[in-house]
Amino acid sequence: MNSYLASILIFTGINLISVLGMFLLMGLTGLLSFGQVGFMAIGAYVTAISYMRFGLPFGAGLLLGVGVSLLVGLVIGTVTLKLRNDYFALATYGFAEVIKNVLIYFSGYTGGSMGVFGIPAIVTLPMVIVIFLAALVLCRNFKVSKLGRNSLAIRNDELAAKVMGINTFKQKLLVFLFSAVFGSVAGSLLAFSTYYIEPNMFNWSKSVELIVIVFFGGINSLTGVVFAGMALTLLPEILHFGAEWRMVIYTAIIIVTMIYRPTGLFGRWELSLSQILGWIKGRRKSAVGRGGQGA
Amino acid sequence: MKEQPKTLLQMNNVTMRFGGVVAVNGVNINLSEGRLAGIIGPNGAGKTTVFNLISGVYDPVEGDIRFRDQVISGKSPSEITHLGIARTFQNIRLFKGLNVFDNVKMATNCRTEYSFMEGVLGLPRVWRQEKESAAEVERYLELVGLLGYENTWPENLAYGLQRKLELARALATKPALLLLDEPAAGLNPTEIRELMDIIRRIHKELDMTILLIEHHMDMVMDICEELWVMNFGKVIANGDPEHIQREPEVLRAYLGS
Amino acid sequence: MLVQQIINGLSLGSVYALMAVGFALVFSILKFSNFSHGSVIMLSAYLGLWFSNRFDVGLFPTLLVCMIGGGTIAVIIEKIGFKPIRDKNGPLIYLFVSSIAISMFLQYLMTALLGGRFFMYRPLLKSSSWRFAGITIPIVNLAMLAASIVALVFLLYVLYRTTIGIAIRAAATDLSTPNLLGININMLISITFFISGALAGIAGLFLGMSLNVYPQLGGLVLKAFVATVVGGLGSLGGAVIAAFLLGLLETMITAYIGGAVTPMVSFTVMILFLLFKPEGVAGLLGLSSGSATQKL
């Protein structure tokens, strides 16, 4: 395959993994977070530094990143998840900014604002695809089990959810940690596919991008979010937008979506495996039918 | 000698204030197991606040609440639900993002045992329990007469059906004590008669203790075995319906004389 | 030296107070954190810059234009970005997301149109600084302090002595009350946004004059946010006090410790308040306020 195309697809896959985390957190549970990018940064830096400095293999570094993200997430989540929704959003923004500042400040390990250079491109397209599909399956399981119902109930009416027996704080914390894992893994993959990482890759505009994708695809639709993730990551690459106009268009999309279609492009619609199989069968049948008539 | 029924719920001298408003003022309630009882009183008397206190939405500023001899005041709403108390809301609070079926199914969540990890991994136990819950949900939907509406969104249901859905959702937590906050509000006479039948069936067949708040006097007098009358945050009378109807304090509260 | 820092701190605090009051005003009636407030500040700064250059006028005409411009921009943002959501009874978080999207949109739009360049106001004041008993204070700081205090006092008058002001305060406790008073809710919301935007216009002009004009100028709205949180949700008095304290704190830290840690300190103060004193300064002083933790 063309290596340029491969690198775009790798990038899209990685983006989709962190989008999935955002979908669980913001889409299903209604927790608007600007902290996702902080966990991406943790994953990227932990994996990169442990590889470059301490010779830890990529896989082990990725798991170490997940571990660190879980620890940090536990602290941040415990502190912030009791706040009002907009305060939570701001607190997570503060968290991401702190992470960025720490990366700049402790330049001995992180290379400061220059970042870490010369990271080998270990990540391959099949690897990204496998991890993405695994993440997708986890998300689907989440959505169709009691976890998804708990989250939707909390998003809709937290008090009623509590009264119906949900430990809402615990559920929110678990989702927060779970999505932190998605972010961390995405960050690790990103570091080992782009040769270098720097603090500015983990800006709040990155968080906004993830939020836009989830709202655009639909806060209730896994299918919609995956579609929106692909479209909004691939389109600018294909059309070669300038960086500024790209953000102008992104933010315009979210405003229009919020106003005219608050449930997102796909609403509540989901594509299921049986539907796909149904289509394939249907097509085969009609092909056979036509063949029969011809004979 | 007749066997004394066990006390299920006990409120001892419970007081609740909001700023300067004393919404509930030194209330004592002793509800025996197996009763179908009611709380009546004018608007603003503090009835809903009593429910909010029992279900843990608020913690009382004074007094305590016991359920099966265990103090529950101070516990969180979800803990209290796990102990066996469920309620409906006066201003219907269904989950708009979930369809009718899932609104009821989410209430069975508090009894499913699989963990977060099992859930996301989709292990066999998850599917077994999901299937069991689904069967239960169908039973509750049938009980309240909502079969056939499984895939409807709650906001698209007629008002009377929304009230029934609230009832089914509360039942799905399998409570020992069911609190119904004005279940007949906004219903027409036919629907009220239907609702009364459903409540009686729940009481008998599911063996639940029921405490309900109502304004429809004929309904209350008809189905309740015991009543508490509240006014200005206080319980002003307690007894069986015949007794209550003759109580002068009650007449005064209602007629305002 | 210390006196000089205190005056500088107070004047910084006074601009924060202007921003915070506008922010808190909208919060008090619509109950969401309106981040598009920052773009009103930023656009007003550009507007003032353009106006003062184009017509070669001094501080007062520019101030007037910034106020009217800021108010108008805020009302337009409300009509386009919030009213459709309110009409559909959308959840509060949608208004919040919309406000963030709008502020990002305008910031990136200005960057795409004009580039990330810094624009400088030409001097709108006769002298640039004031020397007295060995201390030097930039005149723009004094003008800022004076204008902010006048604006705040005028706002106080409007809120407590006029029908509209009373209606706004009534709407803060219950949005349906003004209807009872015979005032149209949408009109009232527009007026609130206009007042809030006019205050942002003043802040924008002075921030532009002292910090130059650039697309990210609106990011300073975070200070207003911190001040309203520390002040106590939706409490105007609390927000003003907190804003002055924040201005002083930041100036002192910058002067005696170093500018690099300043943002960290303000955020830390906010988080500490959220955790331990969610009812904020207003709560400490016994003024009314909402709740920072998730409502039950």
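The letters A, B and C name the chains in turn, as written, and every chain counts its residues from 1.
The criterion applied here is as follows: a contact is a pair of C-beta atoms (placed from the backbone, for glycine too) under 8 Å apart; a residue touches a chain by one contact, two chains touch by 3 or more.
These numbers were taken from a predicted model, which means no experiment stands behind them.
Asks: Can you name the chain that lies farthest from chain B, using the mean of each chain's Cα atoms as its centre?
Replies: The chain farthest from chain B, judged by C-alpha centres, is C.
Asks: Central chain, going by Cα centroids?
Replies: Going by the distance between chain centres and the overall C-alpha centre, it is A.
Asks: Please tell me the distance, in whole Å, between the geometric centres of chain A and chain C computed from their C-alpha atoms.
Replies: 33
Asks: Nearest whole angstrom, what separates the Cα centre of chain A from the Cα centre of chain B?
Replies: So the centre of chain A lies 41 Å away from the centre of chain B.
Asks: Can you check how far apart chain B and chain C are, centre to centre, with Cα atoms defining each centre and the answer in Å?
Replies: 47
Asks: Where in chain A do residues touch two or more of the other chains?
Replies: 159, 162
Asks: Give the residues of chain C that touch two or more other chains, as numbers and ranges in rising order.
Replies: In chain C, 296 touch at least two other chains.
Asks: For chain B, what residues touch not just one other chain but two or more?
Replies: Counting only residues that touch two or more other chains, chain B contributes 57.
Asks: For chain A, which residues are in contact with chain C within the complex?
Replies: By the definition above, chain A touches chain C via 30, 32, 79, 82-87, 89-91, 94, 97-98, 101, 158-159, 162, 205, 208, 211-212, 215, 242, 244-245, 247-248, 251-252, 254-255, 258-260, 262.
Asks: For chain B, which residues count as touching chain A in their complex?
Replies: Listed in rising order, the residues of chain B that touch chain A are 55-57, 76-78, 81-82, 86-87, 89, 93-98, 102, 105-107, 109-110, 112, 114, 116, 119-122, 126, 130, 133, 169, 173.
Asks: Would you pull the chain C residues touching chain A in the complex into a rising list?
Replies: Those residues of chain C that touch chain A are 32-33, 80-81, 84-85, 88, 90-94, 96-98, 100-102, 104-105, 108-109, 111-112, 225, 229, 263-264, 267, 270-271, 274-275, 291-296.
Asks: Can you name the residues of chain A that touch chain B in the complex?
Replies: Touch residues, chain A against chain B: 137-138, 141-142, 145-147, 149-150, 152-153, 155-157, 159-168, 174, 178, 220.
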